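Below, each structure is written out as structure tokens.
The following pair of complexes shares a single chain, chain A, combined with chain B in the former and chain C in the latter.
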Partner chain A sequence: MIVAERKPLEQISSMIESNNKILIVGCGECVTVCSAGRKKEVEILASALNMVRSKEGKPVEIRQETLERQCDGEYLEQLRGFIGEYEVVISMACGAGVQFMAEKYKNSLVLPALNTKFIGVTEEQGVWSERCHACGDCKLHLTGGVCPIARCSKSLLNGPCGGSANGKCEISPDLVCGWQLIIERLSDLGQLEKYEEIIPINNWSTNRDGGPRKVVREDLRL
Partner chain B sequence: MKSESKLEQILTKGEFAVTSECGPPRGADAEVIRKKGELLKGFVDGVNVTDNQTSVVRMSSISSCVILKGLGLNPIMQMVTRDRNRIAIQSDILGAAALGINNILCLTGDHQKFGDHASAKNVFDMDSIQLVQTVKLMRDEGKFLGGEELKGSPKMFIGAAENPFADPFEIRVPRLAKKVAAGVDFIQTQCIYNLPKFEKWMKLVRDRGLHERVHILGGVTPFKSVGMANYMKKSVPGMDVPDELIERMKAAPKEKKAEEGINICIETIQRLREIEGIHGVHVMAIEWEEMVSEIVKRAGLFPRPHIEG
Partner chain C sequence: MRLNYPSNVKIIKVPCTGKVDVIHLLQAFERGADGVYIAGCLEGDCHFLRGNLRARKRVEYTKRLLDEIGIGGERLQMYNMSAAQGPRFAEVAREMTERIMTLGPNPIRAKKGEAEMETG
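So, the complex of A and B:
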């Protein structure tokens, strides 16, 4: 899933300091799973903003909505009837949702309430961590199912670097060395000989380095 | 000869090589480099010039190399893959070769988190092994990574670093094998303090015949003080300092701590010279360049062989 985290209240509050009619829109997909932008977070943000503004003596009118998802035009359409009545829309979706809403409603000012962090997993209750950089050319078959691009701090394809000590990355004693994980996995799978194959210099054009990306499936187009 | 490097000539003749290191200044004063260079001149066969080490901004490695070259030293340009993509890397290799630099040490580089610009964007378009491949491709096949032919190959002697003490130990020799397969000519190791562990690594290196395919220079760094020894043990990732060396530094009289550090260093060099497959020593006297001449002399490695050109 895409993991996100809410911006500090002060930042969100300063974005809307001159506005009095606000629509807050949550998203029912990834940011619901990582508890950043589901219905409950919409309620929490609305009541926090209400409190801030009441204290300042500038009460604000807030409407709350939560869509199935914001990365799909079909669901965004549900706002059509009333979005124009609000001075600003605070989207509690990932960066894709915020932008798609702004694209669909050209006259509405759409603001982000979240910082979109990464593609990751729920490690345990309340802990999420990164697994994929969406590089566009998956190499997990070469590295025992552990991604060197996402899990090594330097995205080295032929690691580990000299900074790996006691299985930890040089940048933090709390961070496991991605190449340590790769080597352990290859070893467990009886594939350690794979380590000695040099992975050639990468083609980053499938990554964002090739410009904004697009997937077109002709067989599915209408 | 693959390159126009004096270091290659010395190693090819079977001489025990000595290299050292010189960190560029945090400013534009060329005099700092010249002073360090003068301290090393005549005592070493090559001088590594670091490339923004520990991610702290300094004068560029290329320009510092050119200054040292002007003094008659043989600079080894360190290049990290942290700050440049393949376009800049290949361009700088050509430029360095055109300026008479004929040794390169291919490194990944410390993460920018360590430095004075922790909010910088890193590059890591390639890793150190791929950088070795890149220089070799340019030198031996006269080609760019993109496949086009280049005119005027950079005749560089290709080096890399290896840390026999980093984790996991079981891949430390396979990792060297990858660098050899990539085409590295010489290796400088991380500082060696734990000699039994190093000897174990070298045995595994010899078992695979890698010592016949690459020149390995053992890295040494003298302790200046007990504090430095402790710092190296506890705070430098991938450094293996046995307690007995710390105890030796502690036991030395106050005014003789530095001397004891030099003694340990010289003893290490003597032990390294006995190990089959060790073709030289890399003396990293960190901000203590004035001690290199004494270490080289006392280790019986002076005078250095004379190479024409």
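So, the complex of A and C:
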């Protein structure tokens, strides 16, 4: 899932300083799973902003909505009937949701309430961590299912580097070395011979180096 | 026991403090409460095992949020006491009332009062 985190309240309230009629829109997908932009967080943000503004003596009118998801036009359409009544829209979706809403509603000012962090997993309730950089050329079959791009701090394809000590990365004693994980995993799988293969220089054109990316499935298009 | 405690304390009953969510606490302040405290069972004695521990974490989170909002996290507090500790209940009610009296009214209510005075 895409993992996100709410921006500091001060930053959000400064974005809407001069607005009095606000729509807050949550998203029912990834940010619901990582508890950043689900219905509950929409309620909390609305309540918090209400209090900030009441305290300043500038009360604000807030409507709350939570869509199934904000990265699909059909769900964004549900706002069509009333979005125009609001001076500003605060989206509690990831960066993709915020942008797609702004694209669909050209006359509405759409603002982000979250900082989109990474593609990751739920390690345990309340703890999420990064697993994928969306580099566009998956190498997990070579590395025992542990991604060298996302899990190695330097994204090395042939590691570990000299900064790996006692299985930890040099950037933090709490961070396990990605290549340590790869070697352990290959060893457990009895595939350590794969570690001896040199992975060639990465083709970063499938990553952001190739500009904004797009996937087209002609067979699915209408 | 017929114990006295300050009459400004309004009690809201919940099946377990684990039922209390962040939004419930925020809404109390939004609607003008000067202070809120949660009286949970003693830690380790929760009938639902972790209800009061969950409540404690939510209170801690909400305290930080109240600081961000500018209302002040010190207006919110978690207490633990058993159903047999009547005197402790009254003591906590007095303690919290004193704390809130020192802090003064909820800044939102104070501001609303000013606005009403102005509009007459």
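FYI, the second predicted complex is superposed on the first by the 222 of 222 C-alpha atoms of A that agree within 3 Å, B and C clash if a C-alpha of one lies under 4 Å from a C-alpha of the other, contacts with A are read in each partner's own complex, and residues count from 1 in each chain.
FYI, contacts are C-beta pairs under 8 Å (C-beta built on N, C-alpha and C of every residue); 3 or more make two chains touch, one makes a residue touch a chain.
Keep in mind that this is a model prediction, so the values were computed, not measured.
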For this session: Look at where chain B and chain C land on chain A after superposing the complexes, then choose clash or fit.
Result: fit
Exercise. Which partner does A:47 reach: the first (chain B), the second (chain C), both, or neither?
Worked result: second
Exercise. Should A:191 be classified as contacting the first partner (chain B), the second (chain C), both, or neither?
Worked result: neither
Exercise. Should A:11 be classified as contacting the first partner (chain B), the second (chain C), both, or neither?
Worked result: neither
For this session: Name the contact category of A:201: first (chain B only), second (chain C only), both, or neither.
Result: first
Exercise. In the superposed arrangement, does A:78 touch chain B (first), chain C (second), both or neither?
Worked result: neither
Exercise. Of the two partner chains, chain B (first) and chain C (second), which one does A:55 touch, if any: first, second, both, or neither?
Worked result: second
Exercise. Which value, in Å, gives the least CA distance between chain B and chain C in the superposed three-chain arrangement?
Worked result: 26
Problem set entry | On chain A, the residue positions that both chain B and chain C contact, one per complex | none
Problem set entry | List of chain A residues in touch with chain B within their complex | 153-167, 170-171, 177, 180, 183-184, 187, 192, 195-196, 198, 200-202, 204
For this session: Provide the residue numbers of chain B that touch chain A in the complex, in ascending order.
Result: 82, 86, 108-111, 113-114, 122, 124-130, 133-134, 145, 161-163, 166-168, 170-171, 174, 177-178, 181-182, 190, 237-238
Seminar exercise, completed: Residue positions on chain A within touch of chain C in the complex are 8-10, 40, 43-44, 47-48, 50-52, 54-57
Exercise. If you look only at chain C, which of its residues touch chain A in the complex?
Worked result: 21-23, 26-27, 29-30, 65, 68-71, 107-108, 111-112, 114-115
